[in-house]
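Letters are used for the chains, namely A, B, C and D, taken in the order the chains are written, and counting of residues starts over at 1 for each.
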Amino acid sequence: MIVVLRPNLPAEEVDKVVAEVAKMGYQPHPIRGAIQTVIAAIGDERVNPSLETLTAWPQVETVLRVQKRYKLVSKEGHPQPTVINVNGQQIGGGQPFCIMGGPCSVESEEQIMTTARAVKAAGATILRGGAFKPRTSPYEFQGLGETGLKLLAAARKEFGLAVITEVLAEKDVELVASYADILQIGARNAQNFALITAAAKTGKPILLKRGMSMRVEEWLLAAEYILSNGNPNVFLCERGIRTFETYTRNTLDLSAVAILKQETHLPVIIDPSQGCGRADLVIELCKAAAALNADGLLVEVHPNPAEAWSDGQQQVDFKAFAQLCRSLKPFIAAVGRPS
Amino acid sequence: MIVVLRPNLPAEEVDKVVAEVAKMGYQPHPIRGAIQTVIAAIGDERVNPSLETLTAWPQVETVLRVQKRYKLVSKEGHPQPTVINVNGQQIGGGQPFCIMGGPCSVESEEQIMTTARAVKAAGATILRGGAFKPRTSPYEFQGLGETGLKLLAAARKEFGLAVITEVLAEKDVELVASYADILQIGARNAQNFALITAAAKTGKPILLKRGMSMRVEEWLLAAEYILSNGNPNVFLCERGIRTFETYTRNTLDLSAVAILKQETHLPVIIDPSQGCGRADLVIELCKAAAALNADGLLVEVHPNPAEAWSDGQQQVDFKAFAQLCRSLKPFIAAVGRPS
Amino acid sequence: MIVVLRPNLPAEEVDKVVAEVAKMGYQPHPIRGAIQTVIAAIGDERVNPSLETLTAWPQVETVLRVQKRYKLVSKEGHPQPTVINVNGQQIGGGQPFCIMGGPCSVESEEQIMTTARAVKAAGATILRGGAFKPRTSPYEFQGLGETGLKLLAAARKEFGLAVITEVLAEKDVELVASYADILQIGARNAQNFALITAAAKTGKPILLKRGMSMRVEEWLLAAEYILSNGNPNVFLCERGIRTFETYTRNTLDLSAVAILKQETHLPVIIDPSQGCGRADLVIELCKAAAALNADGLLVEVHPNPAEAWSDGQQQVDFKAFAQLCRSLKPFIAAVGRPS
Amino acid sequence: MIVVLRPNLPAEEVDKVVAEVAKMGYQPHPIRGAIQTVIAAIGDERVNPSLETLTAWPQVETVLRVQKRYKLVSKEGHPQPTVINVNGQQIGGGQPFCIMGGPCSVESEEQIMTTARAVKAAGATILRGGAFKPRTSPYEFQGLGETGLKLLAAARKEFGLAVITEVLAEKDVELVASYADILQIGARNAQNFALITAAAKTGKPILLKRGMSMRVEEWLLAAEYILSNGNPNVFLCERGIRTFETYTRNTLDLSAVAILKQETHLPVIIDPSQGCGRADLVIELCKAAAALNADGLLVEVHPNPAEAWSDGQQQVDFKAFAQLCRSLKPFIAAVGRPS
């Protein structure tokens, strides 16, 4: 870390800070500059306490971090991309582009079965569907619960698709894991470390959505909680961040794909449905995701979006989804990936 | 709700939307305007499904909500301010301004006992201290757990202060509730509805922090989860929102106090420590909170902030805390509240 | 507009608001709802005064706009895409993808000449280069001024490239217009309506960057200032918005391309250099821009970025730029556009 | 500056960066750390070029600034607060709290005269009123121009109030300066350096509003443009920043008062009207501003807000303004300032 001292600080005051830096486990190197002194503090920033507490002292102007705070998710110690096996399907690295599709909420047997058939026909290999739904208001539909999980499992059996579904509560982790092939941690729980840790311990692959106002660094540290609990199979899913813009529900941060490809070996999935909240923009954003060499997509699909029990405005119908899958092929080919 | 149709829509297309609005349980009133038609949809927006799904139709430009989505937390049906009883102490309404102080994390018996003595002497009536800590990185100190809870309980016994502490996991709710007088739900869990509901069911007062990028409406709806689970005792705690500013850790949204006083009967607490992340600004922000007639404060206090095990940069020492409490008195008097 | 009244308002109070709505030039249609009354106010919202002022009345809860505020930039009255002629080169609509490249700042004859040669060889048809630079600090390099403009003109003559450069001051508009083929209005001046209007009146094509925290609606209204001053030739340039993320300088809002293609007939250009502030991400973001069917790119290119006089961290060198141009071809082909 | 190199970099690569740092005018001090090497670069960061361009090199992970970028506005070289003389009235430092009030736009002689009388009677000493209005849409009222300026001057003569009004265009600077006592630079022009510089050169006091998404550092640097052009009389006016919140038009960043009091000697003014966009919150926010020891207020006042030609929703009427001024007195007294 770098401890920046206030300008024109007397030498004995500098010495006090140097002594404190040493006391906190770092090797201090003071450097007298043109305007002020800085202390380079040598040591492992992940093991030693943070020197940021020193800004509580009047001598200290600011403290700057030097080292990355994550290690297991980082490419430095793991340069090869992680490939995750989901029921025999390989995702990540140079593996085929993976399309996950299905309704926001599981609503009925007919709805999930017709949707599963349609998304499979279009090219999806994984079925999404919410059985437990995190809803802003307590008066909104909260999902079918275990009934929804059973319907997802029936669709898996019928169509050979893997199943991804969200888990909202620690107490449901075992139950959801007994039905799902991938456990989804939603944006609202992206720093719910109790839930994340419980999900990690099932050993199932985890799809970790980015929180609404999460920096990439914080997102990678949340993934670090999963890896440090012994589960290396994490998908990072960008789903839009909260900004001031009102024409879209969220602002899909597509540059996050490029950043993540530099920072981490974990596969990256884009959710354009949540990302913009508008069905009419979803196809275009999927093309951009493919062009950025994302590893896959998570897309909301519904037989009749206007009558969906949740978030109909961002779900595409079967025809649009089939067109979407077709239209992606040249972009996937252009990045040199099998589709 | 108001369904805004696209300009120049043929009459038969308007009729289709009108029919769908009726099918979804609303009474439709189409009004032909200068440029486009709008449909006023009469009905209870909290009971009927949201018409926002209609934006999936090409005929529909946008859908506007009319009604507030919350009811139990709203002043409309409950004009009198809620006063919460915490171990005999009344908080909210015209009751005395309440100061909660203590360390970010409980670190040791000596630390918590000296701090409890100091904050009580300065004028605090509630002791804060984290036993379970939500940390961005898995490599940071995660709190003393039950040991920390026991130390808080010992300090309560010794000094007669009530205790507030955060609960992070559903599985710990019972345990934390057996030690704490107020359960704190942190910003990262502000939409962790499983945890919120579990905490609500203990019957203990809940202090619900605003999420980092939560709109006031969403915050009130999260509180609505608690009230609709039978627990009327909720403190709303503003602790800063995430913005682009870098001189502070968060941007404390003090206007939220004024908004909340208009929207809800629940008491409002300000946390300036998290709110700005800088000990040197805390006193000034506390004065502003008092001037806005907030119901109380949550302030981080540590015997030696530079050596704190977490967030030392935003904790004030005993001397500064005593000065803070003294300096508030004229502002509390100016709003006509007992201090 | 829709005037939403407070719940349970007595009829005579409703009548007062109805009368005021009529007085302000609208035809009022009150509709009594389940919880509250709304008044649909029929009239042209762009001609009549905004009813939003009515929220100053205690009877009024909120006022909702129905109509779009822009007209000349809108696709409604102008469904065909605008194609802009820049020195004989057609840009927009189905015309070839347009690449604009060059340094952040013009620094010397050698720098601009070598860069012009390199960007032309790589496939760019327009040369960018700043002669007047808006710098956050008064102590930073402010551009070469007219000397820089002359160097750009010399490069145009030598290499047959059109020239785009920023104008910062009303007093320089004529001067800059006498050298440039496209006038750039930068993000900091995106709502500097005096400058925008002066630039519009030159009749030159204008490239209007999105302001740092501008909503798409506001951006389109700024463009409306140009069209309503008689200049139809406006490029809209997305260059990243300000968010909380720190791994990038700005967050490039690529979804804006898809939104703009629905809202307006004006061509859309992406500036990935400002958009992320990191040379290492630029190529990937350009591919995404091409996949979204943007009409072109504005890319910063420098012979030796580490020694650039401004913003070297986001400029690519000649080799990277040539690779960038090559790598775009399959994406441009995939959207069915000539490259 | 601190140049952070990538982990495990070979010594000869470190040497290349060290050489480049020296070439760019800094004295390099490489320090080999536990994980990576950092180079402390000694030199005046305001004079030498920024080393941030070095992040264009693959050897460099990031570059951290150490020094503050502003100097004339900083308290370091000017510890005493600046007191600004406006027509004999002293503002800033320990001088009386200054209230500026008046309409958003000047609309008519009657409007401005009745308002001037009312704000003076309530306690204001400066009259505000817009003659040139920056409006998001070209179809909105743009102000009365010079007619408005003349009305302001007439009100000054009649009531002995000083006048503050906004200047929008370089070409109008002389004209506006010939009528106004304080020139206001609005949020949309907060980084319009051509306008700022032209205004500075008139020698009139300048009120510089914070831009909508401006960091405090950038705001101070914009003020530095004024001081470095020879004009020391700058008021910094916080008027809300753009966030995701929708219950208010902007989020008033009251913590900026406390930060500015630490960073700069310039006086700080709060504009709660723009800051929240809601008349019903203005009084409360004014109290908070007084409690934070701001130097004054800028408040929008209108005889009949519902019929205001601009922004009626955020203007208070005469009765509310008089109540506002009365209610501030105990808070002003509590900070020990004359009212």
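Quick notes on this one:
Just so it is clear, a contact is a pair of C-beta atoms (placed from the backbone, for glycine too) under 8 Å apart; a residue touches a chain by one contact, two chains touch by 3 or more.
These numbers come from a predicted model, not from an experiment.
Among the remaining chains, those touching chain A and also chain D are B, C.
Taking the mean Cα position of each chain as its centre, A sits at the greatest distance from chain D. Between chain B and chain C, the centres computed from C-alpha atoms are 38 Å apart.
One inter-chain figure worth recording: chain B and chain D are separated by 30 Å, centre to centre, where each centre is the mean of the chain's CA atoms. Spacing of chain C relative to chain D, judged by their CA centroids, is 25 angstrom. Shared interface positions of chain B, i.e. residues touching 2 or more other chains, are given as 213, 242-244. Interface residues of chain D, counted against chain A in their complex, comprise 2, 4, 7, 29, 31-36, 38, 40, 42-44, 64, 66-67, 76, 242-244. Residues 213, 215-217, 241, 243-248, 251-255, 257-259, 261-262, 275-276, 280-281, 284-285, 287-293, 330-331, 333-335 of chain D touch chain B in their complex. Residue ranges of chain A in contact with chain B, taken from their complex: 20, 24, 46-47, 49-50, 52-57, 69-70, 134-140, 168-172, 188-189, 191-195, 212-213, 218, 221, 224-225, 228, 242, 278-279, 305-309, 311-313, 315.
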